[in-house]
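Here chain A shows up in two complexes: once beside chain B, once beside chain C.
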Partner chain A sequence: MASGGTALPRKAARTRGEGVQPSSRGTGTRARRLGRSSLRHNALPALGFLTPFLLLLLVFQYVPLVVMAKNSLYSFSLFNPDAGKFVGTDNFVRVFTDATALQSMLVTLLFTIGLLILVIPLSFLLAVYLNGKLAARALIRTMIFLPVVTSAVVVATLWTFLLNQSGLINSALGVLGIAPLGFLTDRNEALPALIVMSVWQQIGLAAVLFLGGLQSIPAELQEAAYTDGAGPVSRLRYLTIPLLSRTTLFVVVIMTVFALQAFAPAYIMTGGAPDGTTNLIIFQIYRTAFYLQQPGYASAMAVIVLIFALLVSLVQMRLLRTRWNY
Partner chain B sequence: MTAVTNHSRGRGRRPMIGWRLLSLVVVLVIVAVFLLPYLWMVSSGLKTQNDIFSDVAPFSWRAFVPVHGTLDNVVRLFTEKSIGRALVNSLIVAVIQVAGSLVVCSLAAYGLTRIKFKGRGVVFALILATFMLPAEALVVPMYSVVADLGLQDSLVAVALPWVASVFGLFLLKQSFEEIPTSLDEAARLDGAGHLRIFWSIILPNVKTALATLCLITFMFSWNAFLWPLIVVQTPEKQVVQVAIAQSVSAGELPDWGMTFAGAAVATVPLIVLFLFLQRFFVRGLATSGLR
Partner chain C sequence: MISKKWLYGAGGIALVLSLSACGSDSKPATTADCPQGAITLSVLRAENNGPTDEQMATYKAANPCVSFKVDQVPFGQLASKISVLGPSANPPDVIGYDSPNTQSYASQGLLLPLDKYLPAGWKDDVAKATLDENSWDGQVYSPGEEQDALALYYNKKLTDAAGIKPPTSLDKAWTWEEAQAAFLKCQQGSGNDIKVYGLAPSRLGNGTPGASYRDLLFLRSAGDPTAPEDSTAFKTFWALSRDGKQVDGWLNTPEAVQAATFYQNMFQGPDQVTSKTGLPSALINNKACFDLEVSSNTATLKKAGVDFGVSPMPYFKTPIVHTGAVTVGVTARSKNADAAAAFVVAISTGDELGTWAEKNIRIPVLKSQADKSVILKKAPYNIAVEEIQQWGQPRPPSPQFTQYDQFVTDALRDIAYGKDPKASLDKAVSQIQPLLGQ
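Now for the complex of A and B:
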């Protein structure tokens, strides 16, 4: 009843602006007369419209979630799924005692942090630049968005060759007199190289999101600050950046989820090498499930990734509720 | 604070020229960083293995231009590597996914926005919750589900799990909500049912959102990698991204020219689409985030 009671005035308010008040009043009283029974009556057609979506969501999202939770407590192989053995929390204990799994989680965390540290300030600066009245804005926006629409496979393939010992980047560095670097084969350079590649890949999306945030700041605010004598730097520091905190959090979450899910770089470029320094967690899960044939153990790792992603989302929602608004 | 103010007040000729110069440098750097790798990829796809290496080192403009261009790599891709088959497979998957999403998401968006019913909040929360899940972490149990349904190693299985796209639902929900409910009410007084209202009133008014959904879904489908890699085993059913990945995969010595050509062939269709319909892509990907 409560939902029906609040919905009616809202509907009336929405139609008022349309200049159809007489007729909307008529339907309003009719709907009120039908009241609660019409709400229940509505459930059937609504279900009809929603069923295909909900069914697919159930089969391909909720069922796998349950299957994953269950699998994480078993030890079995994909060749013979019925011969599973219940092992309780053994798989989880194993994740936290297995050096390879621990290293993989650490690598993924470093990859995420590295991406965030570089992509947030760089994409913000790009967005400020794109928000100005300078020439070639449209060209730049198109250009930085190219990698966003390019597949992760092609990006990884292209960068495998760019970073190769005899690739384009080493050749360009040669002009500056720098000897060829190993990049993907050097244990100190491989992960940073993948981070730089991911910045290249994601900066366009982050910049467009920041640009949307910038354009939603009322121009009067900027003008007011300007007439009050605030220079460009202090306007950025005390006005733009605080007002963009919601957008920033949002970009942080998008980029975090991207980094947690990264797979193609490890699969295509390095195979997790050298010495496991690029062994991203989704690649480790993939190898554990399909090569080592330990889907139970892989599921336990996936559960941990999932919980981490949910925590990030929850923190974001909490922060969004409490931070500045305008 | 005062220093900053003084600086900005002196907006004479000189800072303008400095700003323009800086701007020019920024533009040049961005063009080099984002465009040159693509030029290198496409032009190397049109070169012999020898030319690729001799044009790269020492560094010269020849790296970005196919001076002695040859279609040899492209021809061999189609004759030896049957990339044509992979492209067709990717197209089939994309068509299933786009058509499926279009139907399923628009129906669901109608159910959520135009019909008031008990439990609407709960249904929406259940849908919203899955948006926070990193899909790639779920592929192992998803594979079990698909195997139990007897769908493994099929193109349908590559597309089907992504048809109920929460992103697509959000996109359409937003634009559905912009249509005034007075239109529905007027139609209902004329005796129109829900299907009629959905088809003749709502859908014609959200064409932009539907087009955006098509493009973004096509892009996601075309670019997908991990799921098709897991689900399809038969080489003849492989999609184009997997075909390319397997020609580079780590540890082997790839044929550079062929791999470049394959990457270019898989990318160029999407980039052409993007260049012509850029606004839809940018808007779609930006709203995909705005929950």
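Now for the complex of A and C:
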């Protein structure tokens, strides 16, 4: 059923494309000329509209990237950048031999995996729930989305108070007769605590994205499946989940990038402690550049994170590429 | 559609404006009142720190041709901001910064030496700890304004209820063992159910344990500066070799490990007297009996109406407090170096310093000004003043202090959280040692 549904729109699209093809050589040449003229005619305004933003992109995104790549080949301090020394790929070699940097990468990887494992299924279920007929639906959606639009610093500060040794959560556990937990100070609990906080913060965004995906699935497909006798679980498994694969891919990539970029939890809640178990890579880059005064080495780490993020996104897109259209 | 003429016209105007901006005279504009030209000094400081608005207003009143443009950031972001703006082509003229960073900044050419601007006799008048801390390679980079030191503040209501009478003079200061016993006696509850802590959690640094300003004192006080120079007791006291090139065998001595183990036991186990995480205003809210705080805490406690007392900093073998406070300097690349230096020296010397210190109840770095103060000779202020004079030591001076501070703080925090003290200190040593002498 679903595969049949996928083939048809693609064919239809090709047919539509063929429909605008000129029927004779003369007409075709004229059409091509008209097209080129129209393109030329529109190019200047398009360029005018795009130029400011392209310039901003260039100045604030790509130029810094190039500068960062260049810096990664030098050893210098921020205090005295003029005294930089070209070290070639030494900074990159050092990243893979520095126990702190390696631990930081591992911590970030675990943080990313933990976040994805929790946020994807939970946000999907939340979206399915929100897609139903609920009383006060708008209010519930707002409540769920509120942490997303709240500053990461505010969220991290709030959770620091919640998770403190004498915080609200430990007080609640105390009422139940459970000994206080070292959410931010125990090496086995600190990273999971940061993951849970980040899930709480990001689940709203993921749920809204899934909700958009759910609402764009044509109702006829659900009705057809229902008519064919498919139950709710079968419809979810064989219809909804496959048709949401594009949304899922998008959510996975967005959440992966968010996890790789996470900074506030380590900076505000734990300072990378205990024993480096929450030392997320962006925080380590920040420390290396500003506290340890090694911006060249920090740039090398940043380049590696950038390449890693690109590779992970490519692999995810490959593995999760959609086979379904509607 | 925009015509080519318009485009060329707009481009031409932009070019002319750019060129005129580039070619503008950077010399200060002269007026009848300011024949030498009016100058605006740009100032970068931490929030609620010097140079203060009051100091700038006083200076401007006496020097109407100088005005100020202030940029301020939270204290935690100050060092990062200085490291980015300081070496830039357009740095702030004056920076307020944490004095232990002086050697880091000076050795990298970020600060202007101020020797030629300082008044005659200044070196004889300034506190030795200030001179040591604010000098590099024989030159003075900041005159300093105030000194500060930690002391043991206590909530009298709670200590009286527990029948504890803390010492109020330096000669009767507690050892850490005596202090620990008092903390435990005053504490209400134990283990996982502590209602009132013996010692308040630290709010210094980022609010977690380990800030070297406070917690390195545990280790250093287990040393002895009068012991032979090759002894571990001597090295423990200094925590970094005197030439700043060796940390192995100075920070991780047996005495330091023993002190670190004692420190760790304050956070867990049967002798736990404090919390691993923050508890804001614990002394004010009757949630802690004692607190290790700087002298500005006096004003906070008075404002809160707390009945409190001040006791000297406890120690193991040698009493010690870290000196240093926020200070002011001039950036080496300042375009108004002379005017900036004149301002910095004016607020840091003479009667202007004395007036500011007396009004704000701060401990001035100049002995002549400190001696004039009546209030600083009385309790509770006298404890910090005497501590600085008799026990004061700068944090280990080094061009790599920023890095040293970071790794030592990490190590002490991990120890507080339960990591093996020796392993933690060894790790810090292995991280710091390669950076020294770079």
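We adopt the following convention: the second predicted complex is superposed on the first by the 267 of 326 C-alpha atoms of A that agree within 3 Å, B and C clash if a C-alpha of one lies under 4 Å from a C-alpha of the other, contacts with A are read in each partner's own complex, and residues count from 1 in each chain.
By definition in this document, a contact is a pair of C-beta atoms (placed from the backbone, for glycine too) under 8 Å apart; a residue touches a chain by one contact, two chains touch by 3 or more.
All figures in this text were calculated on a predicted structure; none of them were measured in a lab.
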Chain B versus chain C as contact partner of A:P45, first or second or both or neither: both
Touched partner set for A:S166, first chain B, second chain C, both or neither: both
First (chain B), second (chain C), both or neither touched by A:L311: neither
More chain A residues in contact [chain B versus chain C]: B
Touching partner for A:D186 - first (chain B), second (chain C), both, neither: second
Contacts of A:V59 with chain B and chain C, given as first, second, both or neither: first
Partner chain(s) touched by A:I241 [first = chain B, second = chain C, both, neither]: neither
Which of chain B and chain C A:I144 touches, first, second, both or neither: first
Touching partner for A:Q293 - first (chain B), second (chain C), both, neither: second
Partner chain in contact with A:T100 - chain B first, chain C second, else both or neither: second
Chain C-contacting residues of chain A that also contact chain B: 45, 48, 78, 81, 160, 166-167, 174, 270-271, 273, 290
List of chain A residues in touch with chain C within their complex: 44-45, 48, 77-82, 100, 160, 164-167, 174, 179-180, 182, 184-187, 270-275, 287, 290-293
Chain A-facing residues of chain C, complex: 1-2, 79-80, 83-84, 86-87, 104-105, 108-110, 192-193, 206, 208, 275-279, 402-403, 406, 410, 413-414, 417-419, 431, 435
Of all residues in chain A, those that touch chain B in their complex: 3-4, 7, 11, 14-15, 18, 20, 23-24, 27, 39-40, 42-43, 45-50, 52-57, 59-65, 67-68, 71, 78, 81, 129, 134-136, 139-154, 156-162, 166-168, 170-172, 174-175, 200, 205, 208-209, 212, 229-234, 250-251, 254, 257, 260-261, 263-264, 267-271, 273, 282, 285-286, 289-290, 295, 298-299, 302, 305-306, 309-310, 313
Touching residues (chain side chain B, partner chain A) in the complex: 1, 4-5, 7-8, 23, 26-27, 30-31, 33-38, 40-41, 44, 53, 56-59, 63, 103-105, 107-108, 110-112, 115-121, 123, 126-127, 130, 132-145, 149, 160-164, 166, 169, 180-182, 185-186, 188-189, 194, 198, 219, 222-223, 225-226, 229-230, 241-242, 244-245, 248-251, 256, 259-260, 263, 266-267, 270-271, 274-275, 278, 281-282, 285-286, 289-290
